[in-house]
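Order of writing sets the labels: A, B, C and D. Residues in every chain begin at 1.
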Amino acid sequence: MSQFSKEILHMGEMASGAKLTVPVYHLKNTPENKKGLNVYIQANMHGAEVQGNAVIFQLLELLKSLDIQGEITLVPYANPVACNHKNGEYTLGRFDPITGVNWNRMYYYNAECIPIFVQENLTKTDEEIERAFKQLLQQTITDKLEHNQYGLTTGQRIAYQLQKMAHQADIVLDLHTGPISSKHLYCPEYAKESARYFNIEHTILIPNAFDGAMDEATFCPWWTLQNEFAQQGRDIQFNKESFTVELGSQEQIDLTLAKEDACSILTYLSYKKVLVNTHLAPVNMKRYACYLKDYKAFYSPMGGMVDYLAEFGKPLAAGEPLVKILRMDNYGDGDAIHYLSLDHTVLPVLHFASASVNQGTELYKVFTNFFEL
Amino acid sequence: MSQFSKEILHMGEMASGAKLTVPVYHLKNTPENKKGLNVYIQANMHGAEVQGNAVIFQLLELLKSLDIQGEITLVPYANPVACNHKNGEYTLGRFDPITGVNWNRMYYYNAECIPIFVQENLTKTDEEIERAFKQLLQQTITDKLEHNQYGLTTGQRIAYQLQKMAHQADIVLDLHTGPISSKHLYCPEYAKESARYFNIEHTILIPNAFDGAMDEATFCPWWTLQNEFAQQGRDIQFNKESFTVELGSQEQIDLTLAKEDACSILTYLSYKKVLVNTHLAPVNMKRYACYLKDYKAFYSPMGGMVDYLAEFGKPLAAGEPLVKILRMDNYGDGDAIHYLSLDHTVLPVLHFASASVNQGTELYKVFTNFFEL
Amino acid sequence: MSQFSKEILHMGEMASGAKLTVPVYHLKNTPENKKGLNVYIQANMHGAEVQGNAVIFQLLELLKSLDIQGEITLVPYANPVACNHKNGEYTLGRFDPITGVNWNRMYYYNAECIPIFVQENLTKTDEEIERAFKQLLQQTITDKLEHNQYGLTTGQRIAYQLQKMAHQADIVLDLHTGPISSKHLYCPEYAKESARYFNIEHTILIPNAFDGAMDEATFCPWWTLQNEFAQQGRDIQFNKESFTVELGSQEQIDLTLAKEDACSILTYLSYKKVLVNTHLAPVNMKRYACYLKDYKAFYSPMGGMVDYLAEFGKPLAAGEPLVKILRMDNYGDGDAIHYLSLDHTVLPVLHFASASVNQGTELYKVFTNFFEL
Amino acid sequence: MSQFSKEILHMGEMASGAKLTVPVYHLKNTPENKKGLNVYIQANMHGAEVQGNAVIFQLLELLKSLDIQGEITLVPYANPVACNHKNGEYTLGRFDPITGVNWNRMYYYNAECIPIFVQENLTKTDEEIERAFKQLLQQTITDKLEHNQYGLTTGQRIAYQLQKMAHQADIVLDLHTGPISSKHLYCPEYAKESARYFNIEHTILIPNAFDGAMDEATFCPWWTLQNEFAQQGRDIQFNKESFTVELGSQEQIDLTLAKEDACSILTYLSYKKVLVNTHLAPVNMKRYACYLKDYKAFYSPMGGMVDYLAEFGKPLAAGEPLVKILRMDNYGDGDAIHYLSLDHTVLPVLHFASASVNQGTELYKVFTNFFEL
């Protein structure tokens, strides 16, 4: 059986002095042996993307009767500022309401230290290198948190506290959702093989480029480090994997679906030998993938009210309509209905959350140049 | 065939001087004869409740091939200030974002003039009374619009312009939606019979009390007038009917569903003889009703994330859960899952639009003491 | 010296389970004697109206060296849901962001119980009546808080908890601010004399009509009770006073100004003999008043950008401009500048917080038919 | 006298089909001679930053009686989507409410084409080079606007339309404001000399780095081009200047102040010989400057309510408080007042717009390592 512990992190403070906290759950194999990987799972960095909390609930329930080899840390409500911020009836999704900055673009990564690190550690063993680099990553974040006369933004303080925990892990899963969405997975190109162990129909393969997100913040350093050693003629594999797992639509809690998604994650963890003595196998399904550069947003060329026609997960032929746009102001003396389509086959993955759009609102995100995984 | 015309109303002006307009469609029987009722239909007074626009589209399409006896006015995008007000990804639903006032609580009705009117018109014929009172209602609104040194609020200016049109009608349909919702109908108690001609499973029977809404603003004056005449010993029937038609959920356009709802409305209009030579009959279905005082909102006793369990339109037994509330902060040392229920049978009609709730957020609205219509 | 104590009230719970609390401060004369009035002071019921918190800070500081006769309860951050709700850079002012309901319209008062109470207590002494009625008021609120299968709205739960404390008091001060505003006081008509002891230049005299606000919720019951006894031929005076004190502009904390306002309040409390051995006298200033029906909002007849010209506290002659409205869209082929005025003298008291207005936005609130107090 | 013309640009379309337009004013010397520079001035790209519209009004009024040599284009309400977006009482300032993207980070610049251009135009004359490059810049934007199967975001469509006009100019002035702010100027390092001709006390000197803003989008290409030619051994000066002019505080229209700022701009334009026969001289004042890297934001280490103490434009010594933070929740058993300061001298330039802050909200922006210009 595994050992369970719970910790409370202080994540923010509001105008009245109210403290916002985050519960952190740890599971460890007992008796403690050093074998096995360290896993970090968080949910709800974006306010409206709540379903990951239900998945963490189901993971904790299911893990009660499973054998862990290694260690698992689970963090629901990762961003309590966002998750408590109602905006009308809905929860404000993706950005700090004061600054507009996407909460998932505030993690830290500075590639500049890596060539120096490689230079200084060329003669060390693989284990020493991995330990030293892990420590460097964590120390860098600790410094950002503790030494800052000018302070940190609300989002940085949250992101850095989460990142500090994530940097202890070998595997990082950041649970998100789309607006109205199918399940999809952001996966580093080198970890493509692992994507087959999630029961997720769409995978976006992402390059070694840091744009501020949690997955990138935790795999880019190791990927870059590996490349840097390779350039020095040394082949070293770190086997770190980070994924952004998009669970479906925002603004929904469904505990039954959450159990399915928890099983999907456990299947992957079995494959990575974090779970032992399980018989979890990935569901036999068609898995599509495309490269990040081929994952495209389609913006509305007009304002109007949208009937979303294209289904998720089914290739849509060139010329087939994605949406019908209603423009009652044109009824009687113009076109009240507009069909919008593209001139090549795409795979629709998600669409906008509301039927009302301005000119330039993102309508759909689609795979182009997609292939079976 | 009917005669079609289109008009543009100026409904508001924004900071940049941008004018917000509303298209108004008129259909009339030709050659014009005086027979038949006058119908007024509007949609989208609340910003997020857009499906009524699609229903008006389908009504206009279907009416092209139907025989009208009387006159129909249709107003989509009735409140362009609200319908264009994005708040994050969603449209701000129900109130003026500056003042918080519900857009559908700004219509005007002053009961005080009615006893005086009755006194002055006791000797008139029924037709004369009806004509004079219609004129009085319209004149009152015209005065509010035109004589106001201190001005009108944004919502009053919109509401009064719509109400002025609605006061010309014998039948008023105000198309709304719930948040996430089944179809339901607000119907004055005296018009209960008519509710059977809509294909709508839930009817709320409302009393002769004005709370600012369009339906009340157009039926309360006539109901009160009738009562006042009755007290003077004169029995006079005006046969005015006003309904708020709740089409389902907000933030959705579905042109296929809209056609069904358009047929439901046309069925009612056939029954009222506004359409002739049609063979539209109401769908055979179980229709439930309750009185407004028995239509109850259930507020969350706690903050948390909600899995909405109770289905719409099925009686829910006492003790059966409406929702499961997830509270991950309590996992491990408290109750992470809470079931909430009531101690008597209810009929769930709609629920809140988001899974995240504060303590005190409305979770469900339900019928109690309901009965078959 | 007075005895100080502090208590924490639980006021709300958010989606993550975060609890929002309110500190409550009590000051009592010691050794305890029964003489003296009970005072209740709260601040920040509306989110953006924060200056009252600073005034409570200064009151607590100043009261350290003053002699209290009676008891004072002070509640800053009265509505932590509102005061923590950022909306862009600003704090969402006046209403529940989910429902639009004004936070200061959710207090409870039911006049129906009063005639019954009078009937039942006609033979009691004045002290017995006062004690019994106080108890009735508190019990009514306790019942609302504790017995509600369908629950309470977020705002009701907050309002009722505050009201329960306020019903213990003889004097209630609810500290608010306007948007951009001069100081002004809402004062029940019968307490006009007391308005002279605040250093506040504008007083609005309000009738015995309940519209949901804290001041009304605490003085209307007693005023009605007194009237009801008078009708039964019994003259009884309760000397309850409740005021809404509007401290100036929202979105500002100024601890220096707060000290002045604290002194103004202490001057009134000295006059009411809650403070003894002080030498506080009201500032010699021109105090204007008008009746609530003569306190008017002026709404913009057009959208545009506003240069607010009229100064607060100075009578503005008929025809003198309140504002200049800029409409650059009309430059070159229309009027780019519009002057707006009224046809009678008014006393401007506050104006809207932003330079950008829609058609129908409230521009100014002004006294008409005003007089010196 | 100059020749005046007005044009209307279509900038966006909302859900109801409402079109948002922008007026564009052109002034030209007549009879047309080719001499003189081309100037582009826009205002209100950020919704709440409205004062620039008033400055454009005053510029147009003053220019009626001045001699222009060259051409001036003026665009008020540059972003009507933002300027019409109310969020509570205020205008949502700086970002697209749907995506969170800063409206002034969506301009386009791609440095990659420049080395190729230099290679292809090495043998051309200075005039030919300037003309060809101007054409290239405009053509690039035209292509983005016209050839985009996947569409443009709301902000891109607005930004590109403005940028296309700005690329015709030699001088670009983008009129903004801070939240609560002193006047300040963003000035490219090479144009430092020109900053002395504005009556603005603070100048931030910015490097040749593109971060999406209008000023950068219009000067970076020319600066880079010049550098690229220099590397090829050719010295060529383009004399393009772009500034972001921060006029003071947001949410305010003040036509009197606007006239002063219009004079300040005209003084600069006289210096650049766009105006002739004028006697405008810059005001004699202390002008401070610092480099962009030394322009720092100070974030609140705690939640609370803020009394902003530090005045703008006066050096603040190390240890002197910027703010006092009130935390009433700590009164009686902790520190209710916190003073925050820095350990070196700074020059405060602007502060946050609201008194209520979360932990991590930007409190002040200050110059460090500043010097007299």
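Throughout what follows, contacts are C-beta pairs under 8 Å (C-beta built on N, C-alpha and C of every residue); 3 or more make two chains touch, one makes a residue touch a chain.
Since this is a predicted model, take the numbers as computed values, not measurements.
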Of B-D and B-C, pair with higher C-beta contact tally: B-C
Greatest separation from subunit A - chain, by CA centre: C
Whole-Å gap between the CA centroids of subunit B and subunit C: 35
Euclidean distance of C-alpha centroids - subunit B vs subunit D, Å: 47
Multi-chain contact sites of subunit B, meaning residues that touch two or more partners: 14-18, 21, 50, 77, 83-84, 86-89, 91, 98, 305, 328-329, 356, 358
Residue ranges of subunit C in contact with subunit B within the complex: 12-18, 81, 94-96, 98-102, 149-157, 296-305, 327-330, 342-343, 356-362
Complex interface listing, subunit D residues touching subunit B: 14-21, 50, 77, 80, 83-89, 91, 97-98
In the complex, subunit A residues that touch subunit B: 4, 6, 21, 23, 25, 47-48, 50-51, 53-54, 56-57, 60, 76-77, 83-84, 86-93, 179, 251-255, 305-307, 324, 326, 328-329, 331-333, 336-337, 352-356, 358
